[in-house]
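One chain, chain A, links the two complexes that follow: it is found with chain B in the first and with chain C in the second.
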Partner chain A sequence: MGTITFVEHDGTPHQVELEDGSSLMELATNHGVPGIDGDCGGEASCGTCHVIVDDAWITTTGTRTDLESQMVEMSPECGPNSRLACQLRASPALDGLTVHLPEFQM
Partner chain B sequence: MFEQTTTKRETMTTNSTLFQRTKVRVTDTVQATVPVDRVIQSVALTLKAKRLAGMMKALRFEERPIPDPADVPLEEIDVSNPFMNRQGQWYPYFARLREEAPVHYQPKSPFGPFWSVTRYADIQAVDSNAEVFSAEPYIVLGPPPFNAEMFIAMDPPKHDVQRRAVQGVVAPKNLKEMESLIRERVQDVLDNLPTDRPFDWVERVSKEITGRMLATLLDFPFEERHKLTYWSDTISGSADATGGTTHQDELFPAAVDLARNFTALWHDKAARRAAGEPDGFDLITLMQTSEDTKDLIKKPFEFLGNLTLLIVGGNDTTRNSMTGGVLALNRFPDEFEKLKADPKLIPNMVSEIIRWQTPLAYMRRVAKRDVHFGGQFIRKGDVVLMWYVSGNRDERKFENADDFIIDRKNARNHMSFGFGVHRCMGNRLAEMQLRILWEELLERFDRIEVIGEPSYVQSNFVKGYSDMQVQLTPKPVREQTPVRVEATSGA
Partner chain C sequence: MKRDRVIVVGAGHASAQLCVSLRQGGWDGEIVLVGDEPSLPYQRPPLSKTFLHGTTTLSDLLIRGPEFYEKEDVTFRHARVTGIDREAGTVALDDGDALSYDRLVLCTGARPRPLDVPGADLPGIHALRDAADIEAIRGTLRTARRAVIVGAGYIGLEAAASLRKLGIEVAVLEVADRVLQRVTAPEVSAFYDRVHREEGVDLRTGVGVAGFEGDGHVRAVRLTDGTKIPADLVVVGVGVLPNVELARDAGLAVENGIVVDEHGRTDDPRIFAAGDCANHYDARYGTRIRLECVANALEHAKAIAGAICGKQKPISALPWFWSDQYDLKLQIAGLSTGHDEVVLRGNPADGRSFACFYLADGRLIAADCVNRPKEFMFSKRAITQELSPDRALLADPDTPLISLLQTPARSAP
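And now, the complex of A and B:
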């Protein structure tokens, strides 16, 4: 179904196979991508799967919801393309997506 | 509303809520002009006068044996009893509530009526829903005696503004700067522990390290750091708020003392900075250099509220996790062997310690409207306690939940930090302190043996220890390669 790339803050890329229906947080934690914690298990209530969507992809993924804003906007690294990976569902449309990780998860 | 019979207790509660509101109005007006310590003193006098006039009663608790949960009718179960933890009854009681009444109503506790939410998923749902479940006006079961303004007890959007202004001090970026300093201070504490006799771990290690940490964070005079621990214990031990041992008459002098000290610290810091002292990474500097908070001293209750929150939030929690971790490894000795064989497990063990210990038992919410929840009808204004201590032992979430398993897969999913907008701001600091403590302990000691049983704190909020005797056995030969789990620069 394709791949997605998580880029660590220091530039290290991690390419992960897309699995339809999984969240990006689950993909990252299942494949041991460092820098994604997902402490609340995918309920958008801990803010520890913060990712910054590549500019070229933000119209495809869409911007964050109010639910995500509540958590992610507390991070000093929050930007306009910040999302919670647990709220992004893998689908064929995301093949080739690149997201960047912040230096720290809150 | 009207089908409820109004009892004397409820009248008292209504009066005290009214009193609380009036107090807020008065203090808001007064605090801009009168020194804050004087304001607190006047609140203390008013409360004393009300007690003498018989208008209110300060709570005091006497310990009696708590019967087993199976012998108590469901509707009479009161998990707010501050001796539950000491008598080892919390877990069996919560196990029964999770099975039989996961959203449970207690109509007549000494603190008034309240709901208990005890299953992991339900707690997470309440915690994540600030629109329905408000954190205002306070997050402990009973009323705190004076109204310090803390963002932990504010709803968005005010909460967000206030939290953002101070969270930088415990943000991971700042912590990275502080890691080597924290490590040195931990090393110093451990290097001075006796190894020829048992000693009180709570006093010598847990209190000492957290006290040093707080002094560092606040740039509080290092030799006076014990004051921080004292204020924190006195405030969080309020009998009226948490069923602790602090009577109103002891609490106010501590609050006045805290107010004076921190007001002085603020001015002292401002003077030193004006004289050219380079900026540190402590909280007061951070407040003084941030646009939002540089004049916070002019809103003393907010200033004090935020400081008190940091002191209390960073004190009991980490301290009791430092003690709880040692106790857990003694209760589950195979896990200590596992740890020694693979120190890379430390970060995951830290999460498991925080789950197993759950240093704060609950947070309180108030329903902002009538709501159906977990098969119950919760009315607007009802008090709802989210019992993290129960959710962390919920078998629906954690397999063999009562066991301490340092390589537990989902240990990070523990709810001790809470979920939603009020999620613990100091979570990374707590994890870092515990990680450093265990890295340094493993370097030095072969055995960390608990002697006898620990003593437990009287509280329905702080799940903690007042004393735990420990005997240390040093490693025969100091290893050449130090145990470091994360490759951090310069640490």
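And now, the complex of A and C:
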């Protein structure tokens, strides 16, 4: 049903098959994408699945929630398109999505 | 050609992370995960919440799906390890098999501390540690009317919140004179005390359990002050004991957990220990510590994978914890042991959002943050940077925390 691309900080892309209903954090960790930890299992508690949504896609994914803002805004790598991957649900609408990973998770 | 083999004993958070980190670190030998529960490693924190409520299944909680283990060539064995032969380099399984190892990682976890009082083995009295415990509790929820929780630590309080949410009457008993006494400041204890009472919990501190009564099923809890509370469900959360027996019987050093160095290595260079069962030397705190939390298990696993793959990466991450109760999201950064001062941001006596910062000699060493993710993320950075923030600014809600950091982070527009 499509793919999502995670781009590591050094530019290495990882294409992952999109599974409807999974979070982007689960997709990344289940496919061994380095740079996304998801230590808390998807409760928006740890802030270790910070991703930066590609400009072309931010209107489709939507911007971050207030909770996500509080978690990611202390990161020096936080930008306007920063999100927590555990709060992004995969759906057919996200086929072709690209997200970028920060150099460090907090 | 025979491939080298890592055997991981136990299948929890540390074990799953080991599989990830060993492969990412370049280990191309065999990985065998031996677990005494039938499931692949699963997330434990949601057990007392969504899993208890029946809104998630065990397969939803798997830390990595089965396809991950297949892809990464990890073999899962459902068995219990009964002994280690260090000379032969083998472990014995309860199904009669023996497996040879080149590296062995003990992730044996911890088990609930039993309550040594009359009637403690009556049906209806449960621990809260693994999926089977919760499944047993779930089976009683349709008929349970009145639950008694023994112990007001994080596990007990989370269980209380979960059961209240299901409309069950809940009493919580704590032998200490305040909830969370072992881990938080009195201000934070008072906050949790108030919230649980506001949510309808019958909270009793400074009282112990003398025994349980029932006829084939628990019916009442007898307290040390002579009172009796009716109960048809009891959850005991009075701490855990590290599972050190395998290590001890193999002659490895054991002292409040399996003794390991900053790389997770025991006194046998081929054997490591990770997670709740391991007592590691921590350079940040300059002492040995044994922690019971997910973040610690993951950090141990990463350090051990580094040592096995020849990419040394000593245990160094700041410990952190979280606990969800009702509408409260508590995030804790660092260990507050040894603090000599507390600074509050927000008011714990009112409402449901504040942060409690712990200082030692003026330096920030830990923070309890209730519905304050920003304060939590700030604290993680500030503690790591060993900052001594100005107390007045730390307490001032109008001072942006980001301005107190050494290298101020760029704030979003």
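The rule is simple: the second predicted complex is superposed on the first by the 106 of 106 C-alpha atoms of A that agree within 3 Å, B and C clash if a C-alpha of one lies under 4 Å from a C-alpha of the other, contacts with A are read in each partner's own complex, and residues count from 1 in each chain.
FYI, a residue touches a chain if its C-beta (ideal position, glycine included) is under 8 Å from a C-beta of that chain, and two chains touch if they have at least 3 such contacts.
Everything numeric here is computed off the predicted structure, so don't read it as measured data.
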| item | value |
| --- | --- |
| Which superposed partner A:103 touches (first chain B, second chain C, both, neither) | first |
| Contacts of A:79 with chain B and chain C, given as first, second, both or neither | second |
| Contacts of A:3 with chain B and chain C, given as first, second, both or neither | neither |
| Contact breadth on chain A, by residue count: chain C or chain B | C |
| Contacts of A:91 with chain B and chain C, given as first, second, both or neither | neither |
| Partner chain in contact with A:32 - chain B first, chain C second, else both or neither | second |
| Doubly contacted residues of chain A, that is, touched by chain B and again by chain C | 37, 39-41, 43-47, 70-71, 73-74, 76, 106 |
| Of all residues in chain B, those that touch chain A in their complex | 124, 127-128, 130, 156, 160, 163-164, 167-168, 171-173, 410, 412-413, 417, 419-421, 423, 427-428 |
| In the complex, chain A residues that touch chain B | 37-41, 43-47, 70-71, 73-74, 76, 103-106 |
| Chain A contact footprint on chain C (complex, rising order) | 20, 23-24, 43, 45-46, 61, 63-65, 67-68, 71-72, 294-295, 298, 320, 322, 324, 329, 331, 372-374, 377-378, 380-381, 401-402, 405, 407, 409-413 |
| Complex interface listing, chain A residues touching chain C | 29-32, 34, 37, 39-41, 43-47, 67, 69-76, 78-80, 82, 106 |
